[in-house]
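Letters A, B, C and D mark the chains in the order given here, with residues in each chain numbered from 1 onward.
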Amino acid sequence: MSSRVPVAIVGASGYTGSELLRILHGHPGMAVVSVTAKRAAGARLDSVFPHLRGVSDAVVESFDADQVSARAQVAFLALPHGEAAQVAAALHKRGVAVVDLSADFRLREVSTWQAWYGPGPSEPGGPSGPGGQAGHVGHSTHPAADLLDLAVYGLPELHRARLRQAMAQAKQHGRAPLIAVPGCYPTASVLAVAPLLSAGLVSADGLIVDAKSGVSGAGRSPGLGTHFAEIAEGLRAYKVAGTHRHTPEIEQELSGAAGKPVTLLFTPHLVPMARGILSCVYATPIGEGEPDRFRAALAAAYRDEPFVSVLAPGELPDTSHVRGSNRVHVTACYDARSRRVLAVSAIDNLVKGAAGQAVQCANLLLGFDETAGLLAAPMFP
Amino acid sequence: MSSRVPVAIVGASGYTGSELLRILHGHPGMAVVSVTAKRAAGARLDSVFPHLRGVSDAVVESFDADQVSARAQVAFLALPHGEAAQVAAALHKRGVAVVDLSADFRLREVSTWQAWYGPGPSEPGGPSGPGGQAGHVGHSTHPAADLLDLAVYGLPELHRARLRQAMAQAKQHGRAPLIAVPGCYPTASVLAVAPLLSAGLVSADGLIVDAKSGVSGAGRSPGLGTHFAEIAEGLRAYKVAGTHRHTPEIEQELSGAAGKPVTLLFTPHLVPMARGILSCVYATPIGEGEPDRFRAALAAAYRDEPFVSVLAPGELPDTSHVRGSNRVHVTACYDARSRRVLAVSAIDNLVKGAAGQAVQCANLLLGFDETAGLLAAPMFP
Amino acid sequence: MSSRVPVAIVGASGYTGSELLRILHGHPGMAVVSVTAKRAAGARLDSVFPHLRGVSDAVVESFDADQVSARAQVAFLALPHGEAAQVAAALHKRGVAVVDLSADFRLREVSTWQAWYGPGPSEPGGPSGPGGQAGHVGHSTHPAADLLDLAVYGLPELHRARLRQAMAQAKQHGRAPLIAVPGCYPTASVLAVAPLLSAGLVSADGLIVDAKSGVSGAGRSPGLGTHFAEIAEGLRAYKVAGTHRHTPEIEQELSGAAGKPVTLLFTPHLVPMARGILSCVYATPIGEGEPDRFRAALAAAYRDEPFVSVLAPGELPDTSHVRGSNRVHVTACYDARSRRVLAVSAIDNLVKGAAGQAVQCANLLLGFDETAGLLAAPMFP
Amino acid sequence: MSSRVPVAIVGASGYTGSELLRILHGHPGMAVVSVTAKRAAGARLDSVFPHLRGVSDAVVESFDADQVSARAQVAFLALPHGEAAQVAAALHKRGVAVVDLSADFRLREVSTWQAWYGPGPSEPGGPSGPGGQAGHVGHSTHPAADLLDLAVYGLPELHRARLRQAMAQAKQHGRAPLIAVPGCYPTASVLAVAPLLSAGLVSADGLIVDAKSGVSGAGRSPGLGTHFAEIAEGLRAYKVAGTHRHTPEIEQELSGAAGKPVTLLFTPHLVPMARGILSCVYATPIGEGEPDRFRAALAAAYRDEPFVSVLAPGELPDTSHVRGSNRVHVTACYDARSRRVLAVSAIDNLVKGAAGQAVQCANLLLGFDETAGLLAAPMFP
């Protein structure tokens, strides 16, 4: 234990927090030394999450920046946006490396954060990514805008070099590193199509993302929109037509891949299953070539990726094939009739879409093998 | 009973057949006098479908065209394509009005049928509409191409007048009428966007249909692709990129609405629920105007429709809200950022997508109130 | 419409209330003239229950005893216990026939009601029958104990004669009739074994009821115990070992059937499905005889019952075979090895376990055909 | 790799086989060197199980006893009964330690095996434990009755000492060891109540086991009884009244615990979820004492068990809390009213009920830490 890096989980009463615990429980290089949550402070963690009986005897504490920084070198934040930025600032000031799973440091432009996450009603009725618990309050200004420049967007498949250098650079400047773990929908959607944009195979214009999520993405706070009898045997789109907060995040990353601004249409759906995201990205091809060139471009881009499988022709991703794991299944197809490209990806929203990706980022940050603690096979069925 | 129109159900061992029985059980103007199926001939229907215990004491018979025509004025065919055309021809020759739920008479061009339903492998792994049972044999030529001209496409919201006149016209020509009940995906998808095309509000080019279906659409024949443990907690697309047989059917009807040829990209999905289809249609707007003009056009088109509800702004369709009923929930939204239109519809694939629509068509054919037997409220939850 | 009996639904914002609306929507002899609910007063009913779009244009009102009694001859109460008794008293005083779906008038002894429903914490975590919404307040004394003598226990299969006479007797005494619709678990459990007790085939001692319910039984108020992601793929017993409030109700009715006091062990479970109850009752046989005599006794008892199917040897009940209907599937088996009897029944908890049975009782009360409005076939799948 | 024990999985095309692969994938002391299956021989394993993409590049082979024994020291058999005994005999003869997950070596009396697993129809419609694939042929005589004496029943919580000594004893006699991994229902049911019988707290007479299983227990061969649309939203008992083959196995182990013959009534159910077994065991208490003494006896018996959690008073097992793990949640409650005891347990049928327990046994056999490869936390939700 003594040789493992001590880490804290801040916001452990939600699904992202408990998933971090599940994954770190088997991690050879990190040890969870502090678990905090507002709602459950003082309780045993396994009374909050009975599946952790016999797994963890931790007691949930109230968050205290001094205590956390005294014990942990790295803090994973599984908090609502706004609150996450405040906690991140407090920990960062005390030299703790922060791996933030909220949306607070994902968007490079503070004005974009302001426009999408600033004052206004919270978002009921569906998943908006890890930490998207209900009941949060709008923030008129970003609580830690000065940290935005420091933050590295934690999608290793696109930004691995920056993630690897984050610790060194942070030390160089005497500042703790800060990683912004991507949202669940952006992870699935960006991985599906970014290589096609980078390779100039599809147009940056007119992209459509039709994505479907399991209900755990909506968090653990009960509501009519996540009530079993309302969800089972039902399927719906929600926050359509440019209203879901993951829209600018997907656009930011795809703009980076395309080398030009991307504006797209994003439609999220709620599916009667607990876990999983399937993202379909529709794009217009550029130029002519082999029908399989889109899939081949994905295969080339992800050849050495430890967690990404580009499927063979004729195979299609299924969320049940990646469940419980950090793996990504992805493919792309060309429809000669309509002259359109469809890229499809499947992830587990709580793992590659949240806690697993956070651990993957921390592995890079800490110089561990990128796959440490993340090699468990998917659970099927 | 004596005053009710005697009808037959041919192919009663699948979900479409049993759903016809459920609906006709409460119909004031039709009486089921014959129930046939290959697989279960000789058995009591309620041993094939235990939910019909106490509801029906019918015995399943082998199909015999003479016997069916001797007893029934109308025959509902819930058969695989190819076989349906053969049975339709046999019954039509004997003067029975045929309401066919297969794909055999939906496509006006025999060459299109040939290209999509002709020889070739059958389609595993997902719903292809009522009657799409596994194991059928490819047909090198349409078994009853001479009847195609006679067939009326049974989507009352688009072709009500023709359906109402079908019986009169048939009598005039001394031929029994023939109705081709639309596929489940086409019903949902066409109703979502046809009025926007008719009104010239969206372009006929570049349409994308991303539709999601419950598993009952794949029929009652067991297979690994519909095995509970493989489906629960999973979500996948299937038959993507222009390979699903409902593609030309959707294109045919939308071409009619647009007044010009439509070629589109259709992506079906399998969702872990028994019933329901949610269809998202993406389109490019033409011209400028109020953002709500698309929804308003749907509201205008469906103002007097007994089964279609155009939702208020801010509301979105959910398959659980139409389950078990012939109802359609539909809306359209405009995304000013991406300058795209999203039209969304929800239906029950076994009712409005199959058996209910068949009864609606038969009501029109027989001069009954269009809603006879179809007014049951959706079952929620 | 004018010739139909005007009825009110008091407490229409829960699943029992909406199910009453669904069933009465197709009833030939009753017309819903008033719909009240606390939470949704002033709203359109179809905004509370979007599946009622196009079905009902009712507006939810606050409950007012004078207004309800001015318009309705019969009131269905879908309210939490305690509150139901107060409303029942107010309406009864004004001459309205009351069909109460709560537990307030089911137990003949006020002391039993006091012991199980009196002051104390409410019951989280699982279904306790219709009207069992969370958040209700304990009542130290029964709010309308004087009405208990008047109440008829609304299980037609056991008390049909009393239900038929209730209106006449009520008129004779100048008092409106009052029906206590049974709980969902008691309906399933009593119907499974009462005839065996009445016939002296099984002992009144040592009965064990192991029953399993869908999640809709827990009502529409969201909570962690009914949160989709907590329920899907999970199964648990709850309120075990004599703590569930349906225990004394089952005992009361089985004591009546046995002719002697019955004390039993009742174990309810929560199953990841929306609807349905399966009840297994374990009993000790008395005497010797044919192994099939238990099933035969059920068949004899239910020979003329319009809603009960006693299954053939080898067949077993399945909740999916009665879903959405007022039907009951029941059987009994003898295990020669362990010398025990197992009686099994399946119902839809919201229909025969609540709203359907309420309408069945109202039909008897009003002199309608007992099956009026209740003949819809189960919805499968 | 070279220092790890080489093991084979025989019968890798079912859920038990793939679960063995998932668990052994993360095992520090065993390496899978051979994967065989009839149906999929020649195919890549990840084409049979797409969730193993990127996890395993194994190719499935036809079973050949010589080849397997040349490569592997231990063979896990995930085969139908009858076939398992034949393969076990062939491997045992060649000196391979056999961990058999079928029923072939669980019953100590060959006559009992003969009576329950001998010639006769196979068992459709529900789970009968790992390896219970459809389509197997009845065997008139046990194919390897001479090995029965050698076999150790692989329930470590009851037979740990024998399992630890099995390898040494086998070597002493020059025979390879043979472990019979318990069935899924027996594991859950025996663990729930054996300590109460051993402690003399409950009677050996009149036990009733009412157990509920997820659908993966029925195996991977498609059939109408496991077809998604037939199972979702349904619940049923099957093979009731002494007809399920796990009955004699539960009786054998509880007889051992009680020190006298146990005959019980066993009722299995199929629940619409993929994984999990919840077992409720009803028993009659002996003598008087503290109401909590039953739970306390479980706590005492399982104090040092690495995988068993005895829940605190007021807590109840839920299959979702052990999913994907080798853990057992168990408790017991006393109902003073009916004077009965209810013991309840939850396991994952594919892990502690099959593959996990097999690995646990192999760990003991090979002298590894009993928990090696089995410490992954349950996956929730």
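Heads up, the rule we're going with is that contacts are C-beta pairs under 8 Å (C-beta built on N, C-alpha and C of every residue); 3 or more make two chains touch, one makes a residue touch a chain.
Note that the structure is predicted; figures quoted are calculated from it, not measured.
Participant: Using the contact definition stated above, find the chains touching both chain C and chain D.
Facilitator: Chains that touch both chain C and chain D, as defined above, are A, B.
Participant: Could you work out how far chain A has to rotate to sit on chain B, using CA atoms and steps of 5 degrees?
Facilitator: About 180 degrees of rotation relates the two copies.
Participant: Please flag the chain sitting at the greatest distance from chain D, going by CA centroids.
Facilitator: With centres defined by C-alpha atoms, farthest from chain D sits B.
Participant: Compute the distance, rounded to whole Å, between the mean C-alpha positions of chain A and chain B.
Facilitator: 39
Participant: List the centre-to-centre spacing of chain A and chain C in whole Å, with centres computed as mean CA coordinates.
Facilitator: Averaging C-alpha atoms per chain gives centres 46 Å apart.
Participant: Quick check: how many Å separate the C-alpha centres of chain B and chain C?
Facilitator: That pair's centroid distance is 37 Å.
Participant: Residues of chain B that touch two or more other chains: which are they?
Facilitator: Touching at least two other chains: 15, 214, 216, 229-233, 272-275, 318, 320-321, 323, 381.
Participant: Help me check something: in the complex, which residues belonging to chain B touch chain C?
Facilitator: By the definition above, chain B touches chain C via 15, 18, 21-22, 25-26, 49-56, 216, 232-233, 274-275, 306-309, 311, 315, 318, 320-325, 327, 329, 375-381.
Participant: In the complex formed with chain A, which residues of chain B make contact?
Facilitator: 206, 208, 210, 212, 214, 229-238, 240-242, 247, 263-265, 267, 269, 271-276, 278, 280, 282, 316-321, 323, 333-338, 340, 342, 344, 346, 381
Participant: What does chain D use to touch chain B in their complex?
Facilitator: 15, 214-216, 220, 222-224, 226-233, 272-274
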